[in-house]
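Going in written order, the chains are labelled A, B, C and D, and every chain counts its residues from 1.
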Amino acid sequence: MSRYTAATDDDRTEMLRAIGVDSIEALFEDIPQQLRLGRALALDAGLSEQEVYAELRELAARNVSTEDELSFLGAGMYDSYVPALIDSITSRSEFLTPYTPYQPEVSQGGLQAMFEYQTAISELTGLPVSNASVYEGPSAVAAAGYIAKHSNGRRRFVVSRGVHPHSRETLRTLARGYGMEVVEAPLNAGTTELSGLDHDVSAVIVQQPNFLGAVEDVAALADAAHAAGALAICACDPIPLALLATPGECGVDIAVGEGQTLGNRLDFGGPSFGFFATTQELIRRIPGRIAGEAVDLDGKRGFVLTLQTREQHIRREKATSNICTAQALNALAGVIYLSWLGRHGIVELAELILQRTVYARDRLRALDGVRALHQRPVIREFALELDVPVDRVVARCLEQGVNPGYPLAHDYEEHPEGLLVAVTEQRSRADIDRLAEVLSGAIAAEKRAVRGAVA
Amino acid sequence: MSRYTAATDDDRTEMLRAIGVDSIEALFEDIPQQLRLGRALALDAGLSEQEVYAELRELAARNVSTEDELSFLGAGMYDSYVPALIDSITSRSEFLTPYTPYQPEVSQGGLQAMFEYQTAISELTGLPVSNASVYEGPSAVAAAGYIAKHSNGRRRFVVSRGVHPHSRETLRTLARGYGMEVVEAPLNAGTTELSGLDHDVSAVIVQQPNFLGAVEDVAALADAAHAAGALAICACDPIPLALLATPGECGVDIAVGEGQTLGNRLDFGGPSFGFFATTQELIRRIPGRIAGEAVDLDGKRGFVLTLQTREQHIRREKATSNICTAQALNALAGVIYLSWLGRHGIVELAELILQRTVYARDRLRALDGVRALHQRPVIREFALELDVPVDRVVARCLEQGVNPGYPLAHDYEEHPEGLLVAVTEQRSRADIDRLAEVLSGAIAAEKRAVRGAVA
Amino acid sequence: MSATADDQLTIYQRSRAGRRAFVAPALDVPERPLHELLPKELRRRSPARLPEVSEPEIVRHYNRLSKRNFDLDTGFYPLGSCTMKHNPKLHERVAALPGHAKLHPLQDPRRAQGALELMWRLQDALSEIAGLPHVSLQPSAGSHGELAGVLLTRAFHEDRGERRTKVLTPDSAHGTNPATVTMAGYDVVKVGTDERGNVDLEDLRAKATDDVACLMLTNPSTLGLFEPGIEQIARIVHDIGATLYYDGANLNAIMGICRPGDMGFDIVHFNLHKSFTQPHGGGGPGAGPIAVSERIEPFLPRPQVVRREPSGNGSNPSLRYDLDYDRPKSIGRLRGFQGNYGVFVRSYAYIRSLGAAGLRDVSEVAVLNANYLLARLRAEGVLEYLPAAYERSCMHEFVLSGAPMKRELQIRTLDLAKRLLDHGVHPPTVYFPLIVDEAVLIEPTETETKETLDRFAETLAAILREAREDPEIARGAPYTTPVRRLDEAAAARSPIVRETL
Amino acid sequence: MSATADDQLTIYQRSRAGRRAFVAPALDVPERPLHELLPKELRRRSPARLPEVSEPEIVRHYNRLSKRNFDLDTGFYPLGSCTMKHNPKLHERVAALPGHAKLHPLQDPRRAQGALELMWRLQDALSEIAGLPHVSLQPSAGSHGELAGVLLTRAFHEDRGERRTKVLTPDSAHGTNPATVTMAGYDVVKVGTDERGNVDLEDLRAKATDDVACLMLTNPSTLGLFEPGIEQIARIVHDIGATLYYDGANLNAIMGICRPGDMGFDIVHFNLHKSFTQPHGGGGPGAGPIAVSERIEPFLPRPQVVRREPSGNGSNPSLRYDLDYDRPKSIGRLRGFQGNYGVFVRSYAYIRSLGAAGLRDVSEVAVLNANYLLARLRAEGVLEYLPAAYERSCMHEFVLSGAPMKRELQIRTLDLAKRLLDHGVHPPTVYFPLIVDEAVLIEPTETETKETLDRFAETLAAILREAREDPEIARGAPYTTPVRRLDEAAAARSPIVRETL
């Protein structure tokens, strides 16, 4: 059992002698006897490496991954291709194993990568300041709310119903702690309708594209927020930002988002990273780590964690956030991915996805029993509405190895037969055609089944 | 298409200007016009990374790997577990990408690893000298023959029929080049029978355990070789060497073998590595790279490629071998694996395999229609003989997801219904029981089918 | 092997117009004009100026950058409170299996039974280790777990119709504790530490008023000391109706030896990236699951991974493990999806590898190593300049005070830390906990050899000897690192947080 | 980040009795006494003294060792004749797919159709690139391919009842060529090089007697020069009934531009670890497939991967790709199993990534980079001390002679190479080809940027300037490497090739 520990019996004897006690037990003398467990933990016995591997492989085999079916699931995480160089770099112990870079002299690799990452996020969002990552997309929304509350002291968030349901719920959970009210702005014809913003509104929170895949007019929404003296917060999908007006261009104060599609795996939901970008005004309120440029004693350029006085380890109860460990390795994957795409590649990728998404929407909405849920421009995801029970249609598709998307009913009772379909660069035209065929067959079969049941 | 090249159009213009020509074409002026291809190569157009990945995954999916069936295939390569730390280390660019260490000052990592590897092989084989690797097992046998020829100038090899058929064939192929006769010594009751060794015999070549899984009395064979003034060469499976009398103890002059089971993948047969160990007398005849200890200008210990005057780049037509690129990375995996096993672990592993192999042999020989092909001690593999056509029995087993082993008929016409069954530490008792059940069922079914056909 | 000037360029500085690494898959659908699909006013006006580099350049750039990091596979990393133990490579392998790594978080639970079972089993194991019956894996890191815990406390009190306003934290607490308290809408009240390094029970009693919602405690504390009065503490806290929160950052000291639940804690967070070997990644990812008592359970975040008992009438066996959203009293989600599953895979593999005996061995050797190193430092005379903050046997880590060193040798704890860098060792945590002057917090972990500890002790002694001769050396250190000391103050004054393009 | 003394220990020196990394799976069959299973006389008398180390120690040991290597992902590696081009990471990913990596070599071909198809397609692509109709993938490296080629030559002649005894190789040939000739039982006859760096046609004609079996040629030659007289050479060789062998180490210069088959070569070997990006691994693995003309085909090694055309009567479609053993004239096997399949996967992925246009681009840029670097060195004045061995435009690499440098600056090519190490650059190949005095063979490859070439040229110039001031600096170099110059002569005199335990 000692594969990871090195203390042999001889070592133990010698070490205990040096300490001056005669058993390891004696080192635990501060623990009251009655609190000692006094038995072994009720866990299975340890296993050899090959056995652990076999067990984990067996568990993995009972999951249907995106390699095992033709998947159009999205709704916040996307089956995008992760280039091999990312694994090769992020698996290097020098990136994989260090702690947060508290000693900058021996952490220039990680710190410079953070600085490069921040630059990329700043470029994507059109905002001058990015931190080095937060946990993931939805909690980034809540973190943005916390900043808004502190920056203007108002008591209410207005959040679009187009914001990811997980983000809205996370915001609610955390807002309850920091004492804010959360109200929802409805969607109308696929996009956010803002009305009655008053001076209690701390921030207006929207998502681009929104959860139903629609491209919002973020500039107009930000204007409305600002008109009420509120901050404008926008959660964005990063790849579409290659084409869409940036939060910066739209006047957004805080742009956040889920970074998974930037070179991170699906991993059943995590770890990925959240990004967080804002204006120069808010720089000293931003949560988490920020890498900044510095010079060393010899005048050489280097990088440090900067603005640390915002942070919990210095400011404690007055910190702008409690975050400590964030998602550095995932953000590293993000900046490698963005460098791999490059200035032109990211546009090409976004355009490819856009073209295929439009093709898919047109192909599917033309099917019997299928309607587009809205007519807004879409870019990588779109919502449909079916004539027949979506759950049963999905089940029929799954049987044929096609996962057609995410049913909306769970989160939008107003769309009981809604289906959210995501297209990534890994779904070819042939794949989309197959989806159309299988979906159409499933709907027809379902209709027949219903008629049969009725007859 | 230029993902791996960096010369932009601007770069090209500038570079051509610096060279003083006006097109890349002009740089190929030495190539006679009529030899220029004048068309594009008839190859499919290049693909994006994700497409190449998808294609290679599709090809992989059409192979039945040892993860896809319960496999008892061995016969020279074994489905042993490769611990994860090997991948982690060998995938580091510092080990993966450099050339042969011609510049020792910046190659101490690779050189020291070779030195450590040589030490481990020396310990395993009980011989004082190991090189840093040759291609793989069978060609190592042929390389050993070449050394024998040069060391005693005799004209014939006697090779046991228990030596791997690929080794015997490779020896024949190469011996034809360097002008040696090859004769086979038969097997009797599972082990090698030597007779009539005369003074033309340059070397006697045996394998331990032999191809039928039997443990040979190598010491006796080596004595017989030496009595005729021939060298004794033994090809060995390295893991059983944890238990078996070493080549060194047996008086063997050259020990070679296939290193795949030492931390290398199956890879459909390669790359793996061959090991090559010998006596102090033969050190200057050994083929390939050898790392040796040296001191630097400051008196610090370091390592270099040594005894280079044996090698082709110095000695050219008088070299002891033509080998240049060998299998350094695979040998690195080998030494990491052996360090991972450690002094006690290798014995535990070999004993586990031994116990399971004996269990398996006893279990299977007890089945109706199955006989053990020999009664010799076995250690990780054993040969059976069936009452019914082995090919058809194997086919029936495959249908049930069990690959029962390697039919001998291809290589041993004297055992038309022979089956060679290998057990690794990855095959549990439950797996062996399942093999017994499936094999027994298959034999019974085959008997029924035969009876049915007859009736 | 020497660094070249070129090493310092950023990826942006390497950019040249026209270079690329990415090759797009071919467009295989009829191309539509962009303006038809996205009206101009919705489109961005200027492109994102990402770098233009070829693939070999990216690889070389980040490989070189990596060499400017110190890491755990290079050398000793006794960073206190961080549990820098070995990260088994097996974990990276199993986490990368496509069935785990390419599983979509919204996959139908019927088609994610392996993942849900793994999570359920991990919950079960963590529950046993904590001695508390219920676990939520959702929080993303320790401080996220803390936030979950304090929000649970709030929900618990509110459910009983109580509005409490304060949370107690010891003055030795990690900064995330007070920061969390504020985020969760409470006021922080600090509790003092007595001269033995324990919670000052008098002070605690004085502050334990009925508007206190919770006491957050780390045990062993951030001083590396076990609270011998933990039972009394629990009684005081429970007597006022407050919850007792366990900051699990130091769990590595007591696995299989004693359990927070048995001590009376209501809520525990784990740092899977500390005790359970998720690699730290240079600042994450981690995971901060929480374990709670029965009375807290109704409020756990949703969804919760549950095991459905097969019902008599043979209900769907394909739904043995499920995500339960139907939790009316839940505080709600804390994040997207189900948590950092990739981390769960690694920590689960770790628990399966070690089993009960192995986990106990971890804690025993962690404590043995710490006490041995302390003894060794004493033997080397290091404690003469850096005395232990508290004279008693420590748990898995211990705190020294550099105050005498500063006084007598004119080098500060910071200088000592920087000089260690020149010896190929990562410095311990410095200037934390705040209550120890010139603090040095040393946590060797169980995966280090005795030889490594010996060498570290000798190195510290050598640095002190050197400082006695010439304190300037340490004050100017480090000398052999990719950069020398950086001017952090100037950097913070006018922050440059991105490359100018 | 500085090296510690501890860095130099071997894994054996780290061993401590009782430590371990390996944990054996439980024995699950009835245990039988060892002596019953293996009689004592067959057992080894003393154990193999492998190291006893814990897993973290192994990881740290080899990680640290790795840092004592220079590699391609760290910096420029212009090692002539070795084609140190970027190794795409994708290749490692696809080679590791279990369907490739865990495929047993004796798997029934019906159950290995993906692998056999991949091999078949790779054969097909290599055949097209070489301009020769048949390919065997079997040889394990370049020199193994050479051996295959010369053995094929022998079989070819013997089949026609001829016994020839000599093989011609240019004096510029790589050492493996003459070594191979001897191994294949022929005598080497050297052919001279003319003053332009080409094969001396006069000398060739003189030596082209009818006992010559083969001429082995590298084209572009090891001097980096294309043989403009290749057609004449082919004619001379074929006229005497000999075969013409192409050493493919330098194929990177001409892919898609011209083809050995079209030049008249009968047999070609490829170095997949050079032109086709199999990583060199510090000295392998590689693969050395061969392509041959029709007349050589009958003798190819067995087994051969073939595609079975589906027969009219609907024969087994599951056996479309097969291993053909039925080759009566075959020279037989050269090794175990089917060759280095893992390498084939990588090289196949490379060919699929680049396609025809990409491969041609490779060669064009390889040649452009080499010529540019040569021009740049001229512009920097480097050629004044290290003139090009032959004044003409080179292909993918070129040779300088350090003779004037040695004479005028008192530093040798070796010193220049060692001094480059201090600049973070791997030196070019030195002292090869043998026919150039103080040779420096520089191959930048296509994957390097212009900036890297510029920096290299400037570095060489700087070293020469420095040597003009003080040659001792270069003569004592390197200074910044993990060790300094090592005494190779002493090491070879009394070789220590293993650790003493």
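Methods note: a residue touches a chain if its C-beta (ideal position, glycine included) is under 8 Å from a C-beta of that chain, and two chains touch if they have at least 3 such contacts.
Nothing here was measured: the structure is a model prediction, and the numbers come from that model.
Chain pair with the larger contact count among A-C and A-D is A-C, by C-beta pairs in contact.
Centroids of chain A and chain C (each the mean of its C-alpha atoms) stand 20 Å apart.
Spacing of chain C relative to chain D, judged by their CA centroids, is 47 angstrom. Rounded to whole angstrom, the centroid-to-centroid distance between chain B and chain C, based on C-alpha atoms, equals 45 Å. Contacts with at least two other chains are made by residues 1, 16, 19-22, 24-25, 53-57, 59, 63, 67-68, 70, 73-74, 86, 88-90, 92-93, 421, 447-449, 481-482 of chain C. For chain A, residues that reach two or more other chains under the stated contact definition are 1-6, 11, 46-47, 49-50, 53, 57, 67, 83-85, 87-88, 91-93, 106, 425.
A complete topology is adopted by the chain contact network, contact being made between every pair of chains.
The touching residues of chain A, counted against chain D in their complex, run 1-6, 8-11, 46-51, 83-85, 87-88, 93, 106.
Against chain D, the residues of chain C that register as touching in their complex are 1-4, 6-7, 16, 54-57, 59-60, 63-64, 67-68, 70, 73-75, 86, 88-89, 421-424, 447-449, 455, 480-482.
Chain D contributes residues 1, 16-26, 53-57, 59, 63, 88-93 to its touches with chain A in the complex. For chain A in complex with chain B, the residues that touch the partner chain are 49-50, 53-54, 57, 67, 81, 83-84, 88, 91-93, 425-426.
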